[in-house]
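We call the chains A, B and C, going by the order they appear; numbering starts again at 1 in every chain.
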Amino acid sequence: MEKTWNNKAWFMVLPVLLLVAFSAVIPLMTVVNYSVQDTFGNNVFFWNGSDWFTEILESERFWLSMVRNLIFSFIILAIEVPLGIFIALNMPKKGWGVPVCLVLMALPLLIPWNVVGTIWQVFGRIDIGLLGYTLSALGFDYNYVNDPTDAWVTVILMDVWHWTSLVVLLCYAGLVSIPDAYYQAAKIDGASRWAIFRYIQLPKMNRVLLIAVLLRFMDSFMIYTEPFVVTGGGPGNSTTFLSIDLVKIAIGQFDLGPAAAMSIIYFLIILLLSWVFYTVMTNVDAER
Amino acid sequence: MARIDVNHVRHSYLPNPQKDADFALREVHHTFEDGGAYALLGPSGCGKTTLLNIISGLLHPSHGELLFNGKDVTNLSTQERNIAQVFQFPVIYDTMTVYDNLAFPLRNRGVPEADVDRKVRETLEMIDLASWAKKKARGLTADQKQKISLGRGLVRSDVNAILFDEPLTVIDPHMKWVLRSQLKQLHRRFGYTMVYVTHDQTEALTFADQVVVMYDGGIVQIGTPAELFERPRHTFVGYFIGSPGMNVMPVAIEGKTATIGSQRIELPGAPRTAAGNSGAIELGIRPEYVRLGRDGMAVKVSKVEDLGRHKVVRASLEGREIAAVIGEDESVPAEPKVLFDPAGINIYADSWRVEMGA
Amino acid sequence: MSGANERTTRQDRVNEAVSDELASTLSQDQIARLMRRRGEESKFWWLVPTIYIIFLMLPIYWLVNMSFKTNQEILGAFSLWPKNPTIANYMVIFTDPSWYKGYINSIIYVVMNMVISVSVALPAAYAFSRYRFLGDKHLFFWLLTNRMAPPAVFALPFFQLYSAFGLIDTHIAVALAHCLFNVPLAVWILEGFMSGVPKEIDETAYIDGYSFPRFFLKIFMPLIASGVGVACFFCFMFSWVELLIARTLTTTAAKPIAAIMTRTVSASGLDWGVLAAAGVLTILPGALVIWFVRNYIAKGFALGRV
């Protein structure tokens, strides 16, 4: 659509600007303020330069959380995206099955995140949980409280349970936008199931897949509540992701300086990712 | 190429069709000869696309059977029938090049790459896209895309038929003409069996040797463009074909004379209406056969439309709307009267044409 | 030429199928047989969504199952369904103000947030969808970063900011804090829907002598009603599911149900039945409203861009 140039439009954006400034800019400035100061209590602060940043960037703890978080993000992407595509391809195309599937599949997306954690915390317990009990009964040595591998498996399974539907919904929306004539032409051309996927369905899902991947990557990169409820970041630090670590430092230890510095680094990473997201999206938009 | 027999095919989209109105296709029984160019012409919802999809196998008919060269294909899948179809909106494989688009149906059928290359290059020449071979199909114009859809049918030299489902809908007017004549040329050179669905009479009449006019789920007339024009079998054909359509007016018949109000019209012969036919009798005459001059029945002219090549005169005869076509340089006389050229008079009973005796 | 690799494998398969015959000498019948079921869906496609939905429902079922059991039964014999179904757990929640107030608190701040977010997002989304102005692209991008910002980063500064204004433990504090990610979300979703409305409609209305506010309310709003509904739904949802910030900003008076739940886990620890019942009750609102937006839910998650 051709847009007209009109600087008065700023007045329409003003309320949003003020509101978001209040809830984002001011807090962010506080963080920046803390990140360059130190205190010995009594509300006396003094300039500390970039010391906190150096400390965080040199700490093994930060990098371990970061690496754990990246590994986590890649694993869940590797599972959720192909799985989501596969499920979307096999969704019913019409009839009563469509709304039923959509609603049931979207259900996990609407559960408060800590309840998601609680559900899996209970579900995985070997004494009272269906999953844990069944696995133990089958002879698996499964216990997410003690075993780091089991904790990871549980957290990943939980994320797959929680978010795969998002990929399914987006892909499904892409698929239903394909006109019937494409499938009919493919039949006439004698295309195999794989060729139909590769040359008709995948190109049409392109854009929504991109959104799905970026959203899932960013959201998994800030995951906090669900693993916190299930494992509390443990056993040991094995499931301590960036956000969990940050909250531990900030609220648990009340180390304002390092927490603020870490927040800023964290935020910059997200900013970079958002920029990638935005650029990719606007380019895709422009291509259409 | 194949001869296609459509034997007593009926189709309904409902699971349990009861009455005639439940059928999208009431009954079609017709043979498409090998190498013929056919057009299925009719308004939206007349069942023409349904018939096309039954031929291509995208739909399975509720009743009846379909033969290709005498072989029953009713229960074969689209893939097995080996036909090509061009759709209303161009279907192309966006991510492939033009070349790969054309090669796609051949490769799917396991044709050796050398043959694929030969056929694709031939086809690219045929559809005039040789210089675009390496381009991505995504950026092409609508008419080029539609040519690719066609090309994907043409590469398979053994296809039983090429079916067109209103293929020129999204094409610019000036390109429509170009594509249509290219299509006609291809048909003449290679003798494909072609079935072309359209609601545009110009397309149908210029493309096809035989036009199948469909109305309300059935075939009302099959004939050459000239037959459809001169002798419409049904008043619908008269209305639908020709611009403006045929003048149809209720008349009373007595021997070789028809009367409209106070006017009497001599017919070339006595219509053989079935004895005791109580249905409405109508007289149909194309505007081209209405002679406007100083003799005949008095009319009141309401409007003259100048269409460039000729003029259309709208008038009323005995209170009925009537259209007449006159030459570009002719003019409407002061006290206009009309005569009906006997060669152009058709008599209809219950909307169906009746023969006239000597 | 793209697709060359797939092609060879496919052709190998075909060649095997016809053994030593040359593909070019395949008769029509042979090709036809080869093509018979080509590209068709498997008959068992429905297994995939079915299994997936079972996988999704199992943990939820387990929670529901537990919510109808007594603690003795939960901890005692392992059973797939409640042997002696009881609604005692739900009664605890509905009779104890510290429990059911949690729901009221959650709903109050969620609705407040929904109203604030959508009403400020409407004009902004209109501006973004219709006009170009100085810094529009940067502004849009900046909004996006807020949607993507990790709540953990904001937890502490929020606490201090709202303490300074004396807003801690009020509903409005949480509602305002959630605007951080819900306002950008609402702007994005609404902008997506508004861009789908042809600009000619605006112009026609102005020519017909409509003033801007009258046009916006009488003509434009009905056209994007579904978009507003979807935006409301997503604001509702993200405010409902978020806990970190809501918990940080509240102590007792405005504490959300989800936070009360976690507290109970750590405090009494063993009251599994009530915990499960509370969990089930938090799932219900989402399950109820989702029906209304089922056809738009993908569009909402994709920030209005499907």
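FYI, a contact is a pair of C-beta atoms (placed from the backbone, for glycine too) under 8 Å apart; a residue touches a chain by one contact, two chains touch by 3 or more.
Bear in mind that the values here come from a model prediction, so they are computed numbers and not experimental data.
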Using CA atom means as chain centres, which chain is nearest the centre of all the protein shown? C
Computing the C-alpha centre of each chain, which chain sits at the greatest distance from chain C? B
With centres defined as the mean C-alpha position, give me the chain A-chain B separation in Å. 57
Where the CA atoms of chain A average out and where those of chain C average out, how many Å apart are those spots? 13
Gap in Å, rounded to a whole number, between the CA centres of chain C and chain B: 51
Spell out, as numbers or ranges, the residues of chain A touching 2 or more other chains. 187, 190-192, 195, 199
Flagged in chain B as touching 2+ other chains are 77, 79, 95-96, 108-109
Two or more other chains in contact with one residue: find those residues in chain C. 3, 10, 35, 38-40
The chain C residues in contact with chain B across the complex are 1-3, 7, 10-11, 14-15, 17-18, 22-24, 26, 28, 31-40
Spell out the part of chain C that touches chain A in their complex, as residue ranges. 3, 6, 10, 35, 38-41, 45-49, 52-53, 55-60, 62-63, 66, 74-75, 78, 80, 116, 120-121, 123-124, 126-134, 136-137, 139-141, 143-146, 148-158, 160-161, 176-177, 179-180, 183-184, 187, 195, 198-199, 237, 240-244, 248, 258-259, 261-262, 265, 272, 275-276, 279, 282-283, 286-287, 290-291, 294-295, 297-299, 301-303, 305-306
Per the contact definition, I'd like the list of chain B residues that touch chain C in the complex. 76-77, 79-82, 95-97, 99-100, 107-113, 115, 158
Quick one: in the complex, what on chain A touches chain B? 179, 181-182, 184-185, 187-192, 195, 199-200, 203
Which of the residues in chain B end up touching chain A in this complex? 56-58, 77-79, 83-85, 87-89, 91, 93-96, 104-105, 108-109, 149, 152-153
